[in-house]
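Next, two complexes with subunit A in common: one pairs it with subunit B, the other with subunit C.
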Partner chain A sequence: MQAKEAAEVEIIRLLKAGKDSYISGQALSAALGVSRTAVWKHIEKAREMGFSIEALPSKGYRLNTSADAPFNGIEVSSGLETGFIGRNICFYPSLDSTNMKAFELGRQGAPEGTAVIADSQTGGKGRLGRRWESPAGANLYTSIILRPGIPPRHAHNLTFLSAVAVAETVERFSPVRPTVKWPNDILLDGKKVAGILMEMDSEPDRVHFVVAGIGVNINIKVTAFPDRLRPMATSLYEKSGKETNRAVFTCVLYSSLEKWYKVYREKGFLPLMEAWKGFFASVGKTVTVRSFDSVIEGVCLGVDDDDGALLVKTRAGAIERVVSGDVEIKRDGL
Partner chain B sequence: MQAKEAAEVEIIRLLKAGKDSYISGQALSAALGVSRTAVWKHIEKAREMGFSIEALPSKGYRLNTSADAPFNGIEVSSGLETGFIGRNICFYPSLDSTNMKAFELGRQGAPEGTAVIADSQTGGKGRLGRRWESPAGANLYTSIILRPGIPPRHAHNLTFLSAVAVAETVERFSPVRPTVKWPNDILLDGKKVAGILMEMDSEPDRVHFVVAGIGVNINIKVTAFPDRLRPMATSLYEKSGKETNRAVFTCVLYSSLEKWYKVYREKGFLPLMEAWKGFFASVGKTVTVRSFDSVIEGVCLGVDDDDGALLVKTRAGAIERVVSGDVEIKRDGL
Partner chain C sequence: MDIKDIKAIYKFLRETDIVEFEVEGADGKLRLKRGTAAGALQQPVFEAPSPAPAPGSAQEIKKEEAEKVKAENIKVVTSPMVGTFYRSPSPEASSFVELGSIVKSGQTLCIIEAMKLMNEVECEFNGKVVQILVDNGQPVEYGEPLFHVEVSR
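For the complex of A and B:
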């Protein structure tokens, strides 16, 4: 969270840890190292931010966990278990695009792990210059700043890293196992539940920072999608039939990202690729790959372990390595 | 120039074309398609911008070319002969960094060829996070936005392209032939006269835009450099003993950049590499290359024609390909 809300985050974290029991104002005051009046002001602020906090003069404060929790930076921060991803959260009710904002913050020197979250986006961006539908109150739109200290030619590694983290997180909340569509769309039963847009700021020989932009359709109903997207899009809600707490989802996602980022830094790309392939279901399928200047049709043979390039065998028998493009999977969907 | 100064640019261009002869207010009015009162207002504006314009009621207006021309966007624009590079010039008396500003403009969608110029920089940036000395009134600090539509792994091509354009331009104004130090420092007698900082905004598989930041020591005296730089830095003035018109230099540079950019788009990287090698004088020299995590010492064998990687033969006999790093040339300097 932003530093100015640090006390509110700590109070909510303590109240959550106390489950449904009351915590005295004195205990909170001692834990935070501030006066009881200050505690009271922070409680008021947290209430304004949407938290249902009960107070009894003789007992203290209690978080009413049966009430709907708000979705904001305090709620996410108070549930975080990461070391650096999301330790600096910038939450906005609405943004043009979380990637735009994260990029700005990155240019200004924001630390690694800084996360931007918006409840809605007016100009949400997808891959290849496409729009990402971003209505309020339902989904997750977040962008995380990473500073991996790698050359740009390795930046694609982080595409696969993000896909693994998102797929793994979706798997935790979905009754259906997700699959990945090369390189980093996440599908449930062949329909898109999440997308990733990686952008980076670099010199030709070193990356200054990468922004991993992640959009996940969580509680949106398919009927709320524009007509053209309905046949291709789905959400966790559509598959599970119930609402998922967005803050909880976000915390699990950030933990997963951090875990795989550490694996990548310590052991390189190969373990990521192995995990990614566990979600990849296109081998043997007929695919059409459209890139800037070509269309390749053929059978998907798999991916190159070194760099994740898609391997496609054309009808003429040639094996094409695809490093960029948009994949369409023919027949049986995913 | 910015559109709001289009009329001033056109007037200065016409007055320059007229050499030392007078051009009537009526002729200017007709050429610009505005009233004579408007012409007079634009003349006043141009005078405020530092142009010495004489007026005679019976004859019209004349540019006093023996007076010092100002260095600003109008002066550069009125001398441009390019199709797109510099057609949109954003000139500032002072900026933190022209690369920062150009990057911002690029993110906002500024067209290809947009050029930022500052008379001074408070936070001028060099390669590898270094500072670039940027006092006012003497040098050129410019950053150009390019949108080549290439994948990031090819962005280094533009490093070499910029080096060729800068070296070729310096050659026009210097009595000494410049050399390049891999990949893109420009030297005169072994001392740095110009440096280039390439930055880019991209997805892992496509570059949104590249900013080519170019700093050239033009009229600065070496005594004005900080002590630590004096042994390594020089300027056109130090070599030629006379002042170079910065606007003229800028126009030649933009023309050269545009020429090589067209060559690159039409014929690929090889002709650039050939031109670059014409300025490269390190073959056979002993070099030390420092990169993130290694130091390589050996004899420079040349560069790889495919990607410009530096080829160094170590004492152990291995041939190392260097794609990133800082080169120091031992003995006989350049």
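For the complex of A and C:
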């Protein structure tokens, strides 16, 4: 939450806690430690930001929860239950890329847990400069800054951490159980619902920060995808048949990230790997791994518990350890 | 025996319980030993068969190069992690640096990718790229030399 909107966040939080009942201007002014006139000004600002707030002279203020809630930093902040992830939210109606903005903020010293959210991206990106479709009003595009204090050679552990958190969150809102495609694509019925791009700023022996860029297809309809993506992309809406509140989804995601980050710090990589494997459904399947100038085809044996490298047994009988590349899972019967 | 053979043996041993392994050929002797504390296979140690390598042999050239590096104030930029080496941010984009590029402290030299985590490796001093030691898209080990950069005085 940006400091200048702290009062709006607190008002929305209090009105939400009051459910559908009215809260007096006096009570709000006491809770916030500001005058009733100031409360009125903050209410006006919250209305401008899309919140439907009713006012009755004798009773006070009430949040009309039946109206569509806006998707912005205040709405997300007022629903947060985390200690540090998302406590500093930078929300933008449009950005080139949330990862680029988070990187910029990271270099300026933004605290751990700082989260960038954009309603749309003009240059949303995936691995190796690929495009991530980022229309407005439908999905979640967020990048979180982590400062784990680990050497760079362990930083890829965070790839699996973010995959577990996203998969677990998608599971909460989807009628279909998600699976992960190595290492961190999240699929519903074999189609991509979320993607993660991890970028790091480091010295040879110290990570300055890692940016976890997460894109989730939430309310987008499959017909809105470009033709080339339709066979391989899906959204929560396509599976559940209903709209998901993006702010609620975001809050659950941040809680899950924080939970697994604490597990990682206290107990190390193994519990993450175990949770990740719970979503991994490629063992025993035929996979094709395309990397820069090679193609490996074989049966997926699983992953190396030490670092999460993909293990593929080729037809020649060799066991290949894959640390980067695109994995394609052959469907049964093909 | 070349690095490919050593890598193949290394990979094979990772899958087994063998703790010590030695092979001798015409061109040298290779000994691999598994660490006891961490249980991990140590870096392969390559031993030359004769006490002093003949002038002009691979080892001798390597040694000469190492001395040259030291003498000319050339720093070696190494890989901070196991991964894949990329010289550009995307296949279509131009390389971050070329041979002879003048680089500033903080400038990105390359990207190392591991498990979809992209690490931009930055130069930590002002200088000139005098050698690029790895081809685009190739796997690199932790600590593997990537660039030689001549430091500006």
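Please note the rule applied: the second predicted complex is superposed on the first by the 331 of 334 C-alpha atoms of A that agree within 3 Å, B and C clash if a C-alpha of one lies under 4 Å from a C-alpha of the other, contacts with A are read in each partner's own complex, and residues count from 1 in each chain.
As a convention for this text, contacts are C-beta pairs under 8 Å (C-beta built on N, C-alpha and C of every residue); 3 or more make two chains touch, one makes a residue touch a chain.
Everything numeric in this text was worked out from a predicted model, so none of it was measured.
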Subunit A as common anchor, with subunit B and subunit C clashing or fitting: clash
Subunit B versus subunit C, judged by how many residues of subunit A each one touches: C
Partner chain(s) touched by A:G113 [first = subunit B, second = subunit C, both, neither]: neither
Touching partner for A:D201 - first (subunit B), second (subunit C), both, neither: both
Touched partner set for A:R127, first subunit B, second subunit C, both or neither: both
Touching partner for A:I319 - first (subunit B), second (subunit C), both, neither: second
Partner chain in contact with A:R153 - subunit B first, subunit C second, else both or neither: both
Partner chain(s) touched by A:F292 [first = subunit B, second = subunit C, both, neither]: both
Contacts of A:M100 with subunit B and subunit C, given as first, second, both or neither: first
Shared subunit A contacts, counted only where both subunit B and subunit C touch the same residue: 127, 151-153, 155-156, 158-159, 197-205, 292, 323-325
Sites on subunit A touched by subunit C in the complex: 127-130, 151-153, 155-156, 158-160, 183-184, 196-205, 210, 291-293, 307-309, 318-319, 321, 323-325
Parts of subunit B lying in touch with subunit A, wherever the complex brings them together: 100, 103-104, 107, 127, 149, 151-153, 155-156, 158-159, 197-206, 208, 292, 323-325
Of all residues in subunit C, those that touch subunit A in their complex: 11, 14-15, 78, 80-84, 86, 89-93, 113-120, 124, 136-139, 142
